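Pasting the structures here.
In what follows, chain A forms one complex with chain B and a second complex with chain C.
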Partner chain A sequence: MKFLEVNNLTVSFGNKVVVDNASFELAAGERLGIIGESGSGKTMIALAVIGLLPDSATATGSIRLAGEELLTLNDQQMSARRGNQLAMVFQEPLTALNPLMRVGKQIAQPLRNHKKLSRNAGLARAIALCTAVGLPDPEHIVRAYPHQLSGGQRQRIGLAIAIACSPKLLIVDEPTTALDVSVQKEVLKTINDLVQQQGTSLVFISHDLPVVSTMSENIAVMRNGEIVEQANISALFNNPHHEYSKKLVDLARATENKFNRFTIGSTA
Partner chain B sequence: MSNPLIEAKTLCRDFKLPRTAISGARPVRHAVADLDLKIEVGDRLGVVGESGSGKTTLAKLLLNLDKPTSGSITFKGQKLSLSDMAIFRREVQIIFQDPRSSLDPRMTVEQIILEPLECLDFQQNHQSRIEQVLQQVELDPTIWLRYPHELSGGQRQRVAIARALATQPSVLIADEPVSALDVLVREEILQLLSGLIESLNLTLVLISHDLSVISRLCEKVVVMRDGRIIESGTTQDVFRTPQHQFTQHLIASVPRLPTIK
Partner chain C sequence: MNRNRNLFFGICLVAFSSTMALLSVLWTPYDPLEINPDISLAKPSWSHLLGTDVLGRDVFSNLLAGSRTTLITAFLVVMITMSLGVTTGIGAALSPRWFNRTAIYSIDIVLALPAVLFAIVLAAIRGPSTFTAVIAISIATAAAVAQVTRREVNVLLNSDYVLAARACNSNRLRIVRRHILPNIRASLFIQASGAASIAILAESTLSYLGLGTTPPAPSWGRMLASSQQYLIIDPIVALWPGLAIIFTVLGFNLLGDGLREALDPTLRKSKS
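Showing the complex of A and B:
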């Protein structure tokens, strides 16, 4: 039995199927990348796993986390697990964070709910988490509101909230699309380091192949709601099966070569 | 010696920030500070920098969509007056980042492309020009009557390019033209842009945070930070032997493919 097993997951809005019969597995401590274009259903898979699909969506199939079926849990049971056993970092931190609440309180919230920490203990833990995600001057940052922080800092807060209760499964959805490249690199490194330290399983969602390939061992390629290919990185790059994965790999290679021609003057 | 096409001299644009104290002057952010820039005919100039470095403010100043706090911009050696504005607008056009917000959702493709032709008093037959320009961006003529929401992301950006090219400009300013697009679509649009720039002999100012996009389309590049140009030169020189520490940092941050055995 794998740690996360998703079998024949289908998500639909009325007649419109957005995730079509998706199956994948993830061992404890493993990192899986999901890649696909916008509208391919990547985020819907993530939302289905974390139990945050919109009410108008219906999900069928099976999602088992450590042997437990998640799809049949009610809201209350799911709330007890969300943020505790599994957590998610969202794409746009400005909309994911509460604009009216100091970020320290937001980081402490899952700890207060799940671990029943006191307010002071929660705040102390929030400061420690800010340090862990690489935020400078954490004592001051916990007193800030989201709008007072930069994009990279906000995304680190989102990450701190997600890892607060040391979840066993972390889902990260396009965490760096809103960030500058130099900030992106640092945030990705922070995620990688934390996941490795804590032995967390990671589902990393992105449309950017170079980014996904630094964040995962295995990649699932999605197109129009279907997982069209699953392979480990070297297999995907050396021998992509599906036409779409082949296009992605070729394009990433070509872009890299063109850029290399400029930066190092060779086409290695 | 002939004048550069567009020249900016000690260009400044300050934004006043909200008060932090009851008395005293409001704090100021120098979005563009003491910037000198020359754009010659046929230049393909890339502007790179992080968000907040003043790239877009610079584009707006170059387009005369915003007035500098101090300093000057000349076009073909002349300062622009209001009466020349229609000529200037026909000559210098822009493509914005996200076509979902830069195209009016209540206008059809035809109306979108017709608007600059009418507003800027374009002399040739408007209908045939629309047809021509849609062909240039490789769009099927049957989309004339569609609205932006009925188009795919790539088609929408093609319409935005068609609108920019409608008045036969000589200068194209593109502010992050592909960063809102999916990778495969991005590649198509990049190829389209590079072909159009070549065949129409356009002068290009391309603003992007994506260095690989810049390296595809631009021969020269300026690197901006905090409203200033910290490094400039040919794209090859700047990318191969970056002098400024920040430029080196930017180049090192570009996501690379892992070495696959």
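Showing the complex of A and C:
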């Protein structure tokens, strides 16, 4: 039995099927990348796993976390597991934080919800978490409002909220799409370091193959709601089966070559 | 203070009318109801600061006593409107779709009723009084507040940060208290101050029509109504209650605007 087992997951809005019969699994401490273009159903899989699909969506199939079926849990039972066993980092650091609440309070929120920490203990943990996600000057940062922080800083806050209760499964949905390239690298490194330190399982969602390949051992390629190929990184790069995977790999190679040429040119 | 001129002037104006109301409880220069036909429509003088009306009543004393009616009306209307409107709005947004729909239609029906007509019906049933006016105004404004609140809460419920809050085990009550109420606070202040202004104007209107405060209790609206008949002989009598209404309404509007600015961290200039 693997840590996370998703079997024949189908998510639909009325007649419109957005995730079609998706199955994948993930061992404890393993990292899985889900790649696909926008609208391919990546985020819907993530929301289904964490139980936050919109009310108008229906999910069938099976999602088992550590042997426990999640799809049949009611909202209250699911809520008790959110943040605690499984957590999520959202795509948009600008909108995923409450604009009128100091970020320290927001980081402390899952801790206060789950562990019933006092306000001061929560704040102390928030400062420690800020340090853990690589934010400088955490004593000041926790007193700031989201609009006073940069995009990269905000995404680190989002990460701090997600890891606050040391979840066993972390779902990260395009965490760096809204950030510029140099900040992207640092945030990705932070995520990687944290996941490896704590032995967290990671589901990393992105449309960017080079990014996914640094963040995972195995990759699921999605297209139009279906998982068209699953393989580990080297197998996918060396021998992509599906038409779409081939295209992605070629594209990644082309960018890599361009990048290499650029670095060679600049050192010469 | 330069940063928030609205709040400053708003507080000043509201404090000024509140002081007038408080003062009138303890002291007025003359008995506001005392009639003295000998000095009918007297010009402002040292003995009668703002002159007298057609029955020889002291205008300044009436203005002071009238502010009490006005402010109590405004206060009651704001309380009823906000508690009724905000609970309905949030409740509708959080409830299942069929209830949400029913709430929207009921609110629309109340909004479609002309408030004055509603007040006339209510006055016919209950008899005109300040209380009748308060109820009529409150129901009309509460519907508007509920509609705006429901819409804003709906938008927030779909926001990323509410989703993020749910992703870390915040229950509904907590989400409403920590994420929704603070984020609609700005609009609530605007609506509360708007309701206060509407209440003052509507109370004056209803009293003017004879549907609100009943004579002989002084009210700014009634003072305006009675001075209207003598507008050509002595226009200045109508000026005072008119000015009092204008400045109090202005005060509440500025207060609402100023509070909104003061409470929004993104509008604060210095880093806190």
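Before moving on, here are some points about what is shown:
Here is the rule we use: the second predicted complex is superposed on the first by the 263 of 268 C-alpha atoms of A that agree within 3 Å, B and C clash if a C-alpha of one lies under 4 Å from a C-alpha of the other, contacts with A are read in each partner's own complex, and residues count from 1 in each chain.
By our rule, a contact is a pair of C-beta atoms (placed from the backbone, for glycine too) under 8 Å apart; a residue touches a chain by one contact, two chains touch by 3 or more.
Model, not experiment: these values are computed from the prediction.
In the superposition on chain A, contact is made by A:Q109 with chain C only, not with chain B.
In the superposition on chain A, A:F3 makes contact with neither chain B nor chain C.
Using the contact criterion defined above for the overlaid structures, shared-chain residue A:L100 touches chain C, although it does not reach chain B. Within the superposed three-chain model, A:G158 lies in touch with chain C and out of touch with chain B [touch as defined at top].
Once the two complexes are overlaid on the shared chain, A:F237 sits against chain B while remaining clear of chain C. Against chain A, in their complex, chain C makes its touches with residues 159-161, 163-171, 174, 178-179, 182-183, 185, 264-266, 271-272.
Note for the complex: chain A touches chain C at residues 50, 52, 79-80, 82-84, 87-88, 90, 92, 95-101, 109-110, 113-114, 143-145, 147-148, 158, 161-162, 164-165.
Chain B contributes residues 50-51, 153, 182-185, 187, 209-212, 215-216, 235-236, 239-240, 249-258, 260-261 to its touches with chain A in the complex. The part of chain A that touches chain B in the complex is made up of residues 37-38, 151, 180-185, 207-211, 213-214, 233-234, 237-238, 247-248, 251-253, 255-256, 258-259, 262-265.
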